[in-house]
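Input: structures, listed below.
The following pair of complexes shares a single chain, subunit A, combined with subunit B in the former and subunit C in the latter.
Our next item is the complex of A and B:
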């Protein structure tokens, strides 16, 4: 019998862990996709079968399942693969690894149940607070507790990977950190710093408040702590995709990574610049001085640098691959790329969309132009290109490479896979483009019924109806694409064990680690710089916010979204009734 | 470190691009004097808006020749005042706050857009050159009725704009032979004096009085009507001041009913 060198052959126990993490991720993707199409059809008015008040429960579920569980479960799978493969050693203690997985799974289940309970009146549990959970909107404590457990799970996962690296270092004292491991470690360092914000927001304020232990919170403080985490989390989603573009894409293109040192520089830049930028989500917040917003903007602009460098490396590596495959000419080499390979094509299309996202991102980042687009549908268009495509499509594409590695079974269908990634690209082109345009007309995001009594949105080119149609069409194509994706996941799982699998290998480099200055591997140094920048960017804003509004904020009533419908309906009725009574009274006086 | 020439060129190009962005935006906001929403306003107690001088009565105030201030309250799920009315050719500073959760105040199709956070007051100054009607939306999720939260902003032609308020106190019933009084209070909330005419129509009679009301003042005009001239019965009346109108009915009776309260 021939034995292949797939990941599952070398690391059967770890393959099971990675597989479980991936399947958890896919479950979240499936749920998120269902909610995605429901809200697309509802918003655009094509098909409304839920109550508009429940739209926000759907949207919370879509956001949390996709950007918390889908992305991060996938990340822990990829990172476990990267550590074990590049250090060529299994995890140190399998029970510990399953421990952090268990914690993450328990956490997200608690939060998920709290959200989904919002659909029924059988319990007063609910958490329709959207994934940003801005106070004074209040979720059930279970929602916050679940998030804490999930994040603690990721902290332990990071500890697991650091542990592997330390163990490896004992045995290889003079070796450079292998590139994939370097990427994992820098990303996790960034994550430890970033999650301090959300941990503080939840543990010090929101959880005690939802349990009734403290009476109120300072909404601007918890919001600022959220964005302390909320910006870097986008890099947490993006880094595994970047890793795939650096270590897998050159290989499937048929070549090598252009430069190992530059890849390290990119990850170091993300480590030091990701966190001190979060205030760029708060350009429009009263209570934060213009100077602090300016610092955040400057850091944000510099954060373009690693992405621009990545664009260069990715294209250069693809070109190298194409030339190895016989490609020639100025642009002619493009035709020599393996466009029939879904892994390649998916990643290439994801990268292309990311470039488009870069443009809309630059608009968002400008603190003055931001006024035009902040919280409009434009923003939703933007992040469906970033996390919804650059990340999600890369993850789906590399799944076609990973599935055989972790299941030991051949991919069910390469052509279905190819159709799937192309369909995603086409669907997202329709949906995202129309969302961007809608945003420019002032159409708000996070709105069940973006049609109003007093005015209409006026399009200079096209019409609102045409935009809605494109969004609905895009959403349907995306949903079909997801169906094809799951067909392949199931089909592959049902295949028999194959022993002709490709070996578990990632790309070599043209310019290797020996060209990278040693200081790049000095993680302590970069962490220290990152911490200093965070202190610099956040100490004064946070002190000022606490000084203005108090640590626990003004006297303000929580708005428990658990009792929301009843509560708010009563309020609306009341205000309408008092309004009517007042006008009657007023008329009376004048008679 | 061994960096490929193309890579160096790209790196330099990227840095130039980034620095270019920062410079343009800095110029675009600081250089042109465009103010951002910031921390210039004092904080406010969200549960005590009804005792606040600005927000207890959400309204537009004139503060200079062409300068106005609008005190706006955004709350689940309405904006007050609604509609907001300002004249064209004016400069308006909006002050917006919330008594409950986070909302936004966004004038559709413009870059007038701010978050509204309980405890904080967002301030932004906008120039309105041309008349027009705009929608106002809340674009931050604020609860299950968020999608119904809308308002309107009317920028009216300067010559049609005023801040006149009319209120009328009139007798309902008088006994034949007695005098009926109709008191008309006209308030001028603009800074300039208002010259106008208060007109009362009752029966086939029209009574008029010219008034001049200083800025920020109110004047009361009292019309006295001899009920004998009107005769027994119900008489409709209308008070008109510029575009404002109020009306009612005066009953003249031979004998008022006994148990009528005084």
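Our next item is the complex of A and C:
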């Protein structure tokens, strides 16, 4: 018998599964990082070695590898750990668990190969459609098929976790659901509802269209179905990070979680409110009535509530740790926190960035102010703070806690780890702040060469050159940070087996589940409410989109566009602009 | 072999001490009733002040720095009502 009580000692088979999921996630992170720095140096003009025509292929790879494979492989690992640890039981059937992992891995490999094939002319396979895959951009069927397999894999993973919970409940009929399990289950319920949108978009429309079974699609319909999924997927990334902030951060701060009931309320609110908000990504889409957008905006503003509750609970839990460590005063306690611990510092800095993202998010969420920043570099700046830091940095920081647990080896270097998380924070401060400012000047996102003849972006403070330099510098620091991260992952894997690992434990609570109303654990009720809200928010917009544009759309030609389509487009644009002008005039008259 | 919570409790003190490196710097135990998160209140107040200031600043960027933004019929109706 070994001396330590690490996860791998208690659950060796599950540790292997979690490890494999993490390594898959890190491979995606590495690939995504490479494409990230290529596009940063390209669009800032510092170093261009790819053809600008390949920019979308690079950007698709960056987006898909990072926000689909890196995040989701990591979180299925975390969730497996959370279920097995908090229920104190292994998975019910290991073959089934490896089955969902295998499906996810196969799926993302198919999609990934389809994307990367876009770099070579040897095949006509390509999928340079960006991670949003809006029609009329069209990918090879393999891309869509891979995504479907990947998502089905996550569905089965969810089933696996529910199965563990049901089995546990038989044996513990009167116990409250342990908090980490509660978080996994609510997140997965949200995910099941959310992925219905993307499943419908792909299976009913995009895949048949890409296979040539149908001639066209209704782009607004597939786009709306995408955002039905595209907003809640944000919470699919965030909720595991929140889980880490609730169950691990208080512990590494030296304290306890302030309130278990509040944590449950937050996750229930996310289950209810995540999906009926997707239209807030479509404020500028013609063809959706303002009223529907207004409803989406209202729901979005309600989503601020669980985020603010989280800010309070998480900070209060850190403060509890700091005071137990001897911290004093209104602000002095901050110095008593374990800033030398990369796990703590990484998560704390991630949380700080998230607070900053809260502001740019409020700007995005406002229907009218959104017009100022829509599709500009501002938005890219915003989500590099949210998914690119709040989530990614939290995941990297907790990796330093997880690695010993799942490999049984001591972390290779704590100081390199500390340097890594700080470097990420600094790099992102440069890159993201300059992206935000660039966006305010109107610098577009998703553009290989954002410079135009006879037009200069004018900065009130600083200059375009200064912004570009900050973005390039930030990108380089982020890339260095990734190198340090991988050094630690490799170094740890090469270490010998250690007997003196910390035990596999998560934070205790100051106010425990016994203080939480029983109704919070009624998952059926919350799911029903979530479904009803989704029906309210989406039935009429979807009906009116289908009514106007048809289920499979008017005839459209997939890209590459021919000359006729350009003429057609010009015509449509022209009539649209005249239409808008007329309605503005009309508004003016009727004021 | 799996070691559950019970084994952990019955593990020897030295085993547990090495497992609890995180708590090794703990100076005192603060329970639910003695704990008053004033520092959290202070930090969150600062955050709200920053957000409020940025919000005011936004007015200058958006409305004084640019042409007025077109807002559609629905909001106009709400505005009139």
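In this section, the second predicted complex is superposed on the first by the 556 of 591 C-alpha atoms of A that agree within 3 Å, B and C clash if a C-alpha of one lies under 4 Å from a C-alpha of the other, contacts with A are read in each partner's own complex, and residues count from 1 in each chain.
Keep in mind that, in the parts below, a contact is a pair of C-beta atoms (placed from the backbone, for glycine too) under 8 Å apart; a residue touches a chain by one contact, two chains touch by 3 or more.
Keep in mind that what you see is a predicted model, and the values were worked out from it rather than measured.
Peer 1: With the two structures laid over each other on chain A, which partner does A:88 touch: subunit B (first), subunit C (second), both, or neither?
Peer 2: second
Peer 1: Counting only touches as set out at the top, which of subunit B and subunit C does A:554 meet: first, second, both, neither?
Peer 2: first
Peer 1: Quick one: is A:302 in contact with subunit B, with subunit C, with both, or with neither? Answer first, second, both or neither.
Peer 2: A:302 sits against subunit B, while subunit C stays out of touch.
Peer 1: Which partner chains sit in contact with A:34 here, subunit B, subunit C, both or neither? Use first/second/both/neither.
Peer 2: neither
Peer 1: Regarding the shared-chain residue A:444, is it in contact with subunit B (first), subunit C (second), both, or neither?
Peer 2: Once the two structures are laid over each other on A, A:444 reaches subunit B alone.
Peer 1: Between subunit B (first) and subunit C (second), which does A:452 come into contact with in this model arrangement: first, second, both, or neither?
Peer 2: first
Peer 1: Taking the superposition as given, does A:134 touch the first partner, subunit B, the second, subunit C, both, or neither?
Peer 2: first
Peer 1: Going by the contact rule set out at the top, does A:258 touch subunit B (first), subunit C (second), both, or neither?
Peer 2: both
Peer 1: In the three-chain superposition, say which chain, subunit B or subunit C, touches more residues of subunit A.
Peer 2: Of subunit B and subunit C, the partner in contact with more residues of subunit A is B.
Peer 1: What is the contact status of A:542 with respect to subunit B (first) and subunit C (second): first, second, both, or neither?
Peer 2: After superposing on A, A:542 lies clear of both subunit B and subunit C.
Peer 1: From the superposed pair, tell me which subunit A residues show up as contacts to subunit B and also as contacts to subunit C.
Peer 2: Dual-contact residues (subunit A): 258, 289-290, 294, 312, 316, 362, 367-369, 371-372, 511, 590-591.
Peer 1: For subunit A, which residues are in contact with subunit B within the complex?
Peer 2: On the subunit A side, the touching residues are 52-53, 55-56, 59, 128, 130, 134, 136-137, 218-220, 223, 258-259, 261-262, 282-290, 293-294, 297-298, 301-302, 304-305, 308-309, 312, 316, 362, 365-369, 371-372, 374-376, 441-442, 444-450, 452-458, 511, 515-517, 544, 548-549, 553-557, 559, 561, 564-565, 568-569, 571-572, 575, 589-591.
Peer 1: Over in the complex, which subunit C residues touch subunit A? Could you list them?
Peer 2: So the residues of subunit C in touch with subunit A come to 1-5, 7-8, 11, 15-16, 18-23, 25-32, 35, 37-40, 42-44, 47, 50-51, 54-55, 58, 61-62, 65-66, 69-76.
Peer 1: Hey, which residues of subunit A end up touching subunit C in the complex?
Peer 2: 1, 3-5, 9-11, 88, 90, 251-252, 254-255, 258, 289-291, 294, 311-312, 315-316, 319-320, 322-327, 329-331, 333-334, 338, 355, 358-359, 362-363, 367-369, 371-372, 440, 460, 500, 502-503, 505, 510-511, 580, 583-584, 587, 590-591
Peer 1: Along subunit B, where are the residues that touch subunit A in the complex?
Peer 2: Residues in contact with subunit A: 1-4, 6-7, 10-11, 14-15, 17-18, 21-22, 25-26, 28-29, 34-39, 41, 43-47, 76-78, 100-102, 104, 106, 108-123, 133-135, 137-148, 150-152, 167-168, 170, 172, 246, 248-249.
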